[in-house]
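To keep things simple, chains are lettered A, B, C and D as they appear, and every chain counts its residues starting from 1.
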């Protein structure tokens, strides 16, 4: 059960933090259609967070709610991937981060749709459609920006190089990943890598971008060892719940 | 009036809709471009005060609702820019006029959102006042504008209800929450009243706009209606409208109330509102920082078209 | 007593927030000497905050401490000038904000040194020397940057134009200012303007900068109506006290 | 060895100080420039992990102490750059070498500071390890370096005590605070051990440096000393050093302990530490963003000199 709870935090915290980063763009995107699209992705991700953290709270069985988990844990108890807490950078950087995650996210959900836990399977089936749309959108934009102007190509390559060391963490399984994989709740993380690589490399090739050679992978997010950025995210996110404990909103 | 103008006015008087490709007086076109453009700008700039609290929304549910609302506003901006484009102005030109200060946006968005209760008050008061302005515009004479208004009004009234729901929750909450709710009402009441524009006696250009059915009611009519609708809502949840002169007037069947401080109104209009520079600055920055992105989209489309052409002519 | 408390918050919150803004530069200044100098000013301001808010807590007499006041009030209970919560901008912008405040700050402290309240007079005498040094430093830098390169001149003029609407608040007295002035605790705010104008105009003239003509003054900070920036400052500043209530550090 | 080199070595062996204008072998100069420069860079980059918590320090007192500490580090950077400059390299060159990756800074600063307890752990362990390195360097052969070390050591040991005081407070605090303190020790213990450099058997260039009294002790000697000093301090406040193999060895009169993961050490050195890119990026950005400022300072000084000259020659 502990591993199951951890697994749900890893996915729920990841959607929460990525949704947060997306939402930072509200009103500041390069073009109106993107303001709408990014707000839409943020909205999907926050909705997914409610489901995953809601289930996490249920599995934990200590009477906590999804909101308690989102608003009353400090950084070290967060289990999101480091990738999603990286700062937004320019709009291309944000899209690259999204793209690298989206491809993984969809593959994960597709595998979870056959989870041995019915609740997990239901959520995965339900939100898979949303994420399929994210994949379509971000892949498309990566191609257009990679193969756009020299300037856009340069920016996308910089983003790819900067974010690449953060993709490995998605596929590195620890004993908790293995525990949930063993009982069929979730796929083995490593098993998702090959398909991910293929899709990502195809899109990046079409985008005329060069995949970095380094295999180095930052990790720690899944164990609660984050970058310095997460603390600032939480200081804002949790301010009201912390400053006015017990209030109902 | 020329015969064309007479015929045009007759169509409007009969309640016909004017469509983009049809003849219209230059003044009608210009007035509409300005009005629809400014309305669109208000939606766009209006994202900012609420976006300010998305990252700090107190629950996941509230965060989702607020995100959806801000997204709707961007959508409204899009409809309105499209409606304006049918009049022969491009979106880039509209944006350029906003950024150069040549076109305005609603002054209400030059006030800051300082507590979470402002998310309630903005929905309740600001969207409330906007709807009051917009409902009659569903019957405006210009077809695309009218249709945009119908769609927008439906969503806005949903926003108003959500805003009121936040206020209700806060007003029924802890001591601090009540204080926040009252404080938000205190700060936003008069700016909301200003949203209807200056008093009729000081309002220019109104007569022509009303004849053209671009403007459907006078400023004071709408303001009165807003006050009459909003005061009981405030009372219902135990909040006090910050106006010592507020009093039910049996005779006119409406409230007597204090005028907002019109000097402040003109100050804000002149660029001296608490947030004018921050708001416009944020929009200009977004636009400039995003130039490379927009250019890349065009460049990619051109490349793709060229490739398709090359294939087609092989 | 209420007016006295408010008066102490106004000055204590102002030094706290300006100290906070200064400290954001730590490790990020254009040159090492400036890292040191700005950290030094921040340090002075935080020290002054301890004195002013400490006295405020004492005057209030409700058992609160300086830390309680700094860490457990939300934005609407803060009484700092709007000027000091403005974002840092570039380094010149930060220095211009400091300079405009420093000249006022020193004049205020000189007047407070003869306060009818002994405690106020003592604090003012004690910290006046520090602030005299701030004045010397920032005035000197304003001249060098204003009369430096075209680029630096341009930046400093932009900063001056942007900040000018925030200077008026320093000199606008409300009933609380008048109440403390009436009993000789503090000078009348308006009385400080003439000398301030003279000094500021002299320095700006030497810096070849043009004083804006607008007399418009933003206000609200002294009544707790702030800009949107203060909330973010407090979310960071207060995070630990809010997240771990009652802990001792 | 040439006669000059022999005489030089003899001076060092006698314990004389070498001063900047005196003759010295090129290797001595180069090694010192690298060592002092990297030491200076460490102070500068070392501001960042602690600056990260200044705006979030939990009390005014703690904020003031932390500000003073970070300010001291900048000051140390300044002394050390000045000492390096006496060897004929300019500060701009030193900075350029840092930014281009040509010169390093202590790898410890590539680890993030994740909770307030890290402000304690950094002071206690990182400054503690630094002092262990620096105290012997007060007797180094190069005069300016030796004098800088004397001054710096005094302040560092103050920092170490302050850091330990934070840890003590946390370890005696609430459940969460204790957890924070232990967590900080867990994360920073091995990186602190790495600060002494690779094991003697893998350490290059050491013999010459020791002969020149630029390096006074071997890496393993200092590491042992650090462990022996720190373990009892941890025990005193009820924290557990995260090393299952830690054991007092009566025979050698010191602790046996686990080696840090040297693969991680070389990974971090190669640029793959958790914060390498953020740290160097922050410094490069500060430098580039500040270019206009530094140029203006020079331009103003030139103008002033020109005006004084004009007056003088009138």
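Here is the rule we go by: a contact is a pair of C-beta atoms (placed from the backbone, for glycine too) under 8 Å apart; a residue touches a chain by one contact, two chains touch by 3 or more.
Quick caveat: nothing in here was measured; it's all calculated off a predicted structure.
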Problem set entry | Neighbouring chains shared between subunit A and subunit B, ordered by label | C
Problem set entry | Reference subunit A; chain at largest CA-centroid distance | C
Exercise. Just how far, in Å, is the C-alpha centre of subunit C from the one of subunit A?
Worked result: 41
For this session: Please report how many Å separate the Cα centroid of subunit C from that of subunit D, as a whole number.
Result: 34
Problem set entry | Residues within subunit B bordering two or more other chains | 56, 176
Problem set entry | Residues within subunit C bordering two or more other chains | 74, 231, 235-236, 239
For this session: Classify the chain contact graph as line, ring, star, complete or other.
Result: other
For this session: Give the pairs of chains that touch; include all such pairs.
Result: A-B, A-C, A-D, B-C, C-D
Seminar exercise, completed: Touching subunit D in the complex, subunit C uses residues 16, 20, 23-24, 26-36, 39-40, 42-43, 46-47, 49-50, 53, 66-67, 70-71, 90-92, 143-145, 147-149, 151-152, 155, 233, 236-237, 239-241, 244, 246-249
Problem set entry | Footprint of subunit C on subunit D - complex, ascending | 44, 47-48, 51, 54-64, 67-68, 70-71, 74-75, 77-78, 81, 116, 166, 169-170, 173-174, 176-177, 282-283, 285-287, 289-297, 299-301, 303
For this session: Mind listing the subunit C positions that touch subunit B in their complex?
Result: 74-76, 162, 165, 216, 218, 220, 225-228, 231, 235
Exercise. Contact residues on subunit C for subunit A in the complex?
Worked result: 74, 231-232, 234-236, 238-239, 242-243, 245
Exercise. What residues of subunit B sit close enough to touch subunit C in their complex?
Worked result: 52, 56, 112-115, 176, 183, 187, 267, 272, 274-275, 277-278
